[in-house]
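Here's the structure we're looking at; comments come further down.
When the chains are written out, they are named A, B, C and D in that same order, and each has its own residue count from 1.
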Amino acid sequence: MFTELIRPRFLETDALGHINNNTYGVWFESARDPIFHIFMPKVDVKKWNLVMAHSSFDFLKEVFWGKEVIVKTAISKIGNSSLELCHAVYQDGKLCTTGKCVLIHYNFETKESIRIPDNIREELEKHLFTISWFTSLNELEEYIKSSKN
Amino acid sequence: MFTELIRPRFLETDALGHINNNTYGVWFESARDPIFHIFMPKVDVKKWNLVMAHSSFDFLKEVFWGKEVIVKTAISKIGNSSLELCHAVYQDGKLCTTGKCVLIHYNFETKESIRIPDNIREELEKHLFTISWFTSLNELEEYIKSSKN
Amino acid sequence: MFTELIRPRFLETDALGHINNNTYGVWFESARDPIFHIFMPKVDVKKWNLVMAHSSFDFLKEVFWGKEVIVKTAISKIGNSSLELCHAVYQDGKLCTTGKCVLIHYNFETKESIRIPDNIREELEKHLFTISWFTSLNELEEYIKSSKN
Amino acid sequence: MFTELIRPRFLETDALGHINNNTYGVWFESARDPIFHIFMPKVDVKKWNLVMAHSSFDFLKEVFWGKEVIVKTAISKIGNSSLELCHAVYQDGKLCTTGKCVLIHYNFETKESIRIPDNIREELEKHLFTISWFTSLNELEEYIKSSKN
């Protein structure tokens, strides 16, 4: 599982006083950086090989400016050429937003999906996490700790 | 059905040369303005009464800067206190992105969902559209025209 | 002078209840589209030939969601290879924000500035406007009308 | 002087392959958080007491996704009720973008500027920095170190 600490930005709030819904996709994109690096160890936008096919969001609790947020990212499914990721936003230790997305390993020149190679697949499998998100960050951390033992 | 013409903004592109995935939620939010106005005829952020519970996106074709985009928005379900909307982005007459979202009629003070009143429900029902999006904008327009006769 | 009508987007507000300061640069970028088209009649990002060297903003009055905004754009100076633009945001007929920017006619391959060719210069000169913005949109419109006669 | 480490986000790039100009204002806003906290020790958006009057940007070198960025922020002038800040973006140790902004200590209810109180003024004076930005981050760090001795 990947962990990213994010300090909400003031412009990410809206006139309702909380973080605007469109922000979570931005945070999740940022939280996927380690996944991008598994597929593209050398950063080179011209060799980009992932494309998003689907994304979804569930908004459970409001998030506010002024307190850090923890974004947890895990891999929930590994297909032939596709990958399902799940994301969770915690603030004050509580689950606020969850998200999923499907990425396709893709050749932008031939416009075709490509099988995920075995070495990448092995790396990805280390981050598989197939249970539901805990509503409490503490419980999630406990679970992760215990499952490592 | 609601129609919004959008000119993609240059900052909405990313280094892959196309419109970034996070943009579609922004366009759909803008395209929901007429729905907001059904619930809040006088614009007053302090009396806001809708909250988003869920959203999802399917990315079918890339969208590019330099050509206008048509965003179509319809209502796909009306529940007791909730509402499901569906959105579609067309560029060059072709379906590029679809999205759905669930809005809850909500009292921000009591933190409770509220039944959608009958007068609003009647207004919403005029925009019900329960079939799948056509991949061609022409076919969609033909269908809408024929279903009005 | 160029005129663009913009409907503020809800995510462009922030928790202070008004349009966030970072939004005006986005609107001005969009309002520069006709200038881009003078330099690049065929839209082709790979042949992009303008780079921004400087921008500035003066925030005079708050802007709010729920009412359309008029963005006026004019050319204030034409140099050898550079161009100064000025922008103004009007809401409810009143001047709310002004901005300036300096664009350089630029070759991205050789990384050098290029003299603005005469045919482009002639086109640009039609949009020269060197007086200060009027605080009232009506007065600006009157002035433009009278100066055309 | 304040230092913030920022990992550019992919959506902050544009089709020219670099970070879009509108991004720097967003980073600078984030980098001003410690200044906001001097004025508002307890985070409470309802007691917000700063308003931006002016901002400007100079774009010296392109910034790219895939490498961290250092944003340096200092106070360049302290007036009666106003404050001038200066910002600099460094990537790969080189100065890429600079910015300035003027903030006004402000009462949102009475719509009036307020004198900056002495205790805040003293705190702000610790961060005064009135020389020009060094084009090399190393030289800036050396200068800061030497001026502390």
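Here, a contact is a pair of C-beta atoms (placed from the backbone, for glycine too) under 8 Å apart; a residue touches a chain by one contact, two chains touch by 3 or more.
Please read all numbers here as calculations on a predicted model, not as lab measurements.
Visitor: Where centres are the averaged C-alpha coordinates, which chain has the largest centre distance to chain A?
Guide: Looking at centroid distances, C is the chain farthest away.
Visitor: Could you let me know which interface, B-D or A-B, is made of more C-beta pairs in contact?
Guide: By number of C-beta pairs in contact, A-B is the larger.
Visitor: Same or different: at the chain B/chain C interface, is the fraction of residue numbers used by both copies above or below half?
Guide: Same-residue interface.
Visitor: Quick one: chain B and chain C, Cα centre-to-centre, how many Å?
Guide: About 29 Å, centre to centre.
Visitor: Which whole number of Å gives the spacing of the CA centres of chain A and chain B?
Guide: 25
Visitor: What is the distance in Å between the mean C-alpha positions of chain B and chain D?
Guide: 37
Visitor: Pull out every residue in chain B that's touching 2 or more other chains.
Guide: 10-11, 13, 15, 17, 22, 26, 29, 45, 65
Visitor: Can you check the complex and tell me which residues of chain B touch chain D?
Guide: Chain B reaches chain D through residues 10-11, 13-15, 17-18, 20, 22, 65.
Visitor: In their shared complex, at which residues does chain B touch chain A?
Guide: Contact set of chain B toward chain A: 15-16, 21-22, 25-26, 29, 45, 48, 51-59, 108.
Visitor: Can you check the complex and tell me which residues of chain D touch chain A?
Guide: Touching chain A: residues 7, 9-11, 13, 17, 26, 29-30, 33, 43, 45, 65-67 of chain D.
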